[in-house]
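I've put the structures underneath this note.
One chain, chain A, links the two complexes that follow: it is found with chain B in the first and with chain C in the second.
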Partner chain A sequence: MSNRILEVSDLSVTLQRAGKPITPVEGVSLTVDRGEALGIAGESGCDKTLTLKSIIGLLPPGAVVGGDLRFALDRDEPVAYEPAEVHGHGISMISQEPMTALNPTMRVGDLIAEGPMVHAGLDRSAARERAVELMRMVGIPTPERRARMWPHQLSGGLRQRVMIATALSTEPKLILCDEPTTALDVSIQDQILGLLQDIRTRLDMSIIFVSHDLAVLGELCDRIAIMYAGQVVEAGPVDELFADPRHPYAEALMHSVPSFAETSEELEGIEGRPPDPGSFPEGCRFAPRCDYARDDCRIASFELVSIGPGRETACIHPELIGGRQR
Partner chain B sequence: MTFLEVRDLTVKFRVGSALVARLKGEPVPDLVAVDGLSFAVGRGESIGIVGESGCGKSTLAKAITGLEPPASGSIWLDGRELTQRRDRATRRRTQMVFQDPSSSLNPSLTVEKTLSELLRVHRLVPKDEIDDRCGQLMDLVDLPRALLSSRPRSLSGGQRQRVGIARALALEPEVLIADEAVAALDVSVQAPILNLLNQLRDELGLTVMFISHDLAVVRYVSDRVIVMYLGKAVEDRPAADLFDDPRHPYTKALMAAAPKFGVKKAPGESALKGEPPSALDLPSGCRFRPRCPIAQDICAEAEPDLTGPSKTPRAACHFAWEGPGNSG
Partner chain C sequence: MIDPEHAYDLEPTAEADRGPVDERPLWQRLPKKVWVGVGIVIAYVLIALLAPVLAPHDPLAINPANQLASPSGEHLLGTDQLGRDVFSRLIHAARVDLPIGFLGAAFPMIAGTILGALAGFFGRWTDTVIMRTADVVQAFPAYILVIVLVFAMGQGARSILVAFTVLAWVVYARIVRGEVLRVRGLDYVYAARVAGLGRLRILRVHVMPNAISQTLIYLPNDIVFATLALASFSFLGLGIPPPTPEWGAMIAEGQPFIRTNWWLATVPGLVIVVFGLGVSLIGEGLEERLHR
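And then the complex of A and B:
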């Protein structure tokens, strides 16, 4: 039996903007194993969310998805699927702002009960019982009482727990998380991350976790993929990648994160901003912001190459990086 | 030398309908956002204010800048009280940089207009030197002068926040208050803004108050940190001491909860369970008691004072200074 649950190869997303086609996501390849948590990091505007949404077909009308998507739902091996089929059937998604993602006109118990009704074919009262059970599982105190409340009556942390219960209600194998803790306080964020970790081990579920916060990804994820301008530029096990980045963008991101431990080192930041999908530069897309860029970077074609067990980088000069570890 | 001083400051908000409460014969409920806060900051010092949402950190900033009237207590700057009614010259002395530069800048004004209007209204420079000064302000925040003619819409998030800082600096303030000034920015953009704030403080001798929920960011820019919980300061320490040896159980728990880049830890193991109680319905005694892992009987009876061995290392916990501390 294969351990692979999701295989994305050479994914591209093309959208129409003002009558012109743009390709904000291009050549993205990702894999997720059973029970594994994969993190996707990058600045805003690197189309991390669009990548996530294309996996379950939540794209705007007119979007064209290219590449090969394979998912192992009931089978041992991942097989090709239609993105619209797996949404709510094997894959669920949790978004950043639960207030806009939860239907404000439905009581939270009914919201969660929809999954069991549609997915497992339970009748209304059985589905409501299941909803209360799920609410208890995600750590909502007094779930019977809270099931009758409206989303606006709950705090941000509880709303996010309701989101997670809704996501779990269809018994997914894989949960896609789009910055689910960004809007929360640190103590609540820690609780939600702990909950996701707990669910993942208890239900042997896989997670793809998108965040701009490397510290958060470091806590939850086994592997990490760094995205820049719609491409995965580096991927690898989280500890190795943090200790020894092999792409200048990954390295630069890490040198921007303020550390808890030391204050002497000056943070570096990255000049400029990610390019607009309508005008990606030729060659390496990071080259215009890269400290190490050489002439051949500006003509290099994109390829994610293996540089060790589980490690991949798209940089054609990874040997230049290093010696600047934190 | 004390420069900015907050004495026993209390700020209240009326919540719900006063009329309904009065008709029912109930007391009108008040939400106490800042509750008897006192601290002093030296000239050129950089102080960080940390806490979760609803702890009163932004209300404190608004009270100092005169945007929110205090219910009681007073604010002093350089030996003179800052009353609620302030003339132009006084307002100038405390300036604020807001969280979201895209909503705090006027979208219809060019950067030049935003800056020059302030200079004109406050009569800070002669009319014919206004253009020069706008350019100098752009230099100060490391923005190309060419951007003076752009509107906020065409600027990136980091550039907008630099304009927000330039706008605050245009009035030559003595105290600069940054309220979650980098929270909306990517780390790659956040880092240079933090460096800029540090640099401006050194160059201009500004007193900086940096408000944030992000402990690592606060550590990077502050000499001293005040941790707030439900309107009160629970710990007030030099930054290095606070981060190496937190004394208040809330500070310890907050640090345990925060994800730390480069430090391996499992999520969900912080002692901080549940959510803060409502500021309308505070527990008796210490307000952190219901979530505190080391609460004893005395904590329900007496509210601990913010005290310590000397003036700045202070913590509001009955057990803060007992025995050796441990890092959280």
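And then the complex of A and C:
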């Protein structure tokens, strides 16, 4: 039996903007094993969220998805699927904003009870009991009382827990997390990460966790994929990738984070910003911002190549990395 | 290596504050004007319900011997040109004007809400058909359309209600469509889709309850509009046929005597104004509350 649960190969998303087609996501390939947590990192504007949404079919009307999506629910091998097939059956999602992710006109208990009612065929009272159970599981104190409350009566952290309970209510095998801790204050952030980690091991679930925050990803994930300008530019196990980045963008991201810089005073930003999907540069898309860029970088075609067990990079000169003048 | 303890403040995070929870009971949370309006409307409804008990005379009884009498203890507002008791007619007219006012707003609201929700939620050709129809309806001069419909279907409450519904659903449809488009793109609707709930369930449970507040604010305006429109059409002889008492028709009947018996036209007018005021106060108060 294969251990693979999700296989994304050569994913592209094409949107219409002002009458012209743009392709903000291109050639993205990802895999997730059972019980594995994959992190997707990158600056804002690298279309990490769009990648996530195309996995679960939440793209705006008119978007065209190319490539191959495969998911293994109860089968041995991942098979191609339509997003509607995995809605409520295998994949769940947790979004960024706990303020807007809960229907304000429903009591939170009823909201969580919907999945069990619709999919497990529980009657209303059984589904409510299940909701309370789920709320207890995600660490909501006095769940019986809070199940009767409205979303606006809960704090941000509790709302995020309610959202997690809702995501778990359909008994998924894979949870997509779109920066679920970004809107929370740091102490709550830590609790929610701990909760996700705990749930993942207890229920043997897989997670894809999108964040711009490398420290958060390092805490939770087994593997990380670094995205830049709609492409995965480097992927590998967390520890190895952090210790020895093989793409200049990955390296630059790490130098912009306090805990990765050698001394705390030496934080470095990355000049410029990610290019707009309407005007991606020729060749390597990071080349215009890259300290190591050579002439052949500007004509190189994109390919993610294996450079060791589980490690891939799209850089054509990975040997140069680390020798940068500081 | 990785040390998350010192790496948290990469981007400013804002604690999602819990909104202030208003624990006051409902009657304190709504502005006072709402309750003034509710009081006025309830008074009118009670008068309409109790009309047979409250009215001192039969509103249809003609008395040729006592035409155009001035107010007296027997006839509080005098009599009209057929000798009918004006006070009793005013009271009984509430049984005609109020139901048509309320239903003349409720029917368009129901029709417009359903059509607007379908247009906004399903989009594509559903949207095109419904909204282009709305454009066509709106392109017609409203009053002429009512006149045509009343001529086609015959005078009476039924024709008036049909005419109002055909005309006024457009506004509700536009409001609801816009709100549905807004709500449809919110995270909790995406979450409901990912949870694999049916389209109609999402529309009913997650979209509509969050999309109809604007129509509830507009409804009182429309009740006022329907009541006034009914009075206008009756004034023009297109509304409720005589001898049924109706406020607009009473104004029309009293008009020739405005110099001698001014109250015949003025009092029904005031009755309409006060009712409209009551309903408007409710609408305004709700709007203040919801738009805070």
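The working rule: the second predicted complex is superposed on the first by the 316 of 326 C-alpha atoms of A that agree within 3 Å, B and C clash if a C-alpha of one lies under 4 Å from a C-alpha of the other, contacts with A are read in each partner's own complex, and residues count from 1 in each chain.
The working rule: contacts are C-beta pairs under 8 Å (C-beta built on N, C-alpha and C of every residue); 3 or more make two chains touch, one makes a residue touch a chain.
This is a predicted model, so every value here is computed, not measured.
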- Between chain B (first) and chain C (second), which does A:89 come into contact with in this model arrangement: first, second, both, or neither? second
- When the two structures are overlaid on chain A, which partner does A:185 contact: first (chain B), second (chain C), both, or neither? both
- Query: chain B or chain C: which reaches more residues on chain A?
  - Reply: C
- Query: Which partner does A:226 reach: the first (chain B), the second (chain C), both, or neither?
  - Reply: neither
- Task: Determine, under the contact definition given at the top, whether A:168 touches first (chain B), second (chain C), both, or neither.
- Result: neither
- Query: What is the contact status of A:284 with respect to chain B (first) and chain C (second): first, second, both, or neither?
  - Reply: neither
- In the superposed arrangement, does A:58 touch chain B (first), chain C (second), both or neither? second
- Message: Between chain B and chain C, whom does A:252 touch in the aligned arrangement: first, second, both, or neither?
- Response: first
- Task: Give one of first, second, both or neither to describe whether A:113 is in contact with chain B, with chain C, with both, or with none.
- Result: neither
- Touched partner set for A:101, first chain B, second chain C, both or neither: second
- The shared contact residues of chain A with chain B and chain C are 155, 185-186, 188-189, 212-216, 218-219, 239, 242, 257-260
- Query: Given the complex with chain C, which residues does chain A contribute to the contact?
  - Reply: 56, 58, 61, 84, 87-89, 91-93, 95-106, 114-115, 118-119, 152-156, 159, 163, 166-167, 169-170, 182-186, 188-189, 212-216, 218-219, 238-239, 242-243, 257-260, 264
- Task: Note which residues of chain A are touching chain B in the complex, please.
- Result: 43-44, 155, 157-158, 185-191, 193-198, 212-216, 218-220, 239, 242, 252-261, 263, 266-270, 273, 326
- Task: Spell out the residues on chain B that touch chain A in their complex, using ranges where they run on.
- Result: 52-53, 156, 158, 186-192, 194-195, 213-217, 219-220, 239-240, 243, 253-270, 272-273, 275
- Tell me, which parts of chain C touch chain A in their complex? 1-11, 13-19, 21, 123, 186-188, 190-198, 201, 205-206, 209-210
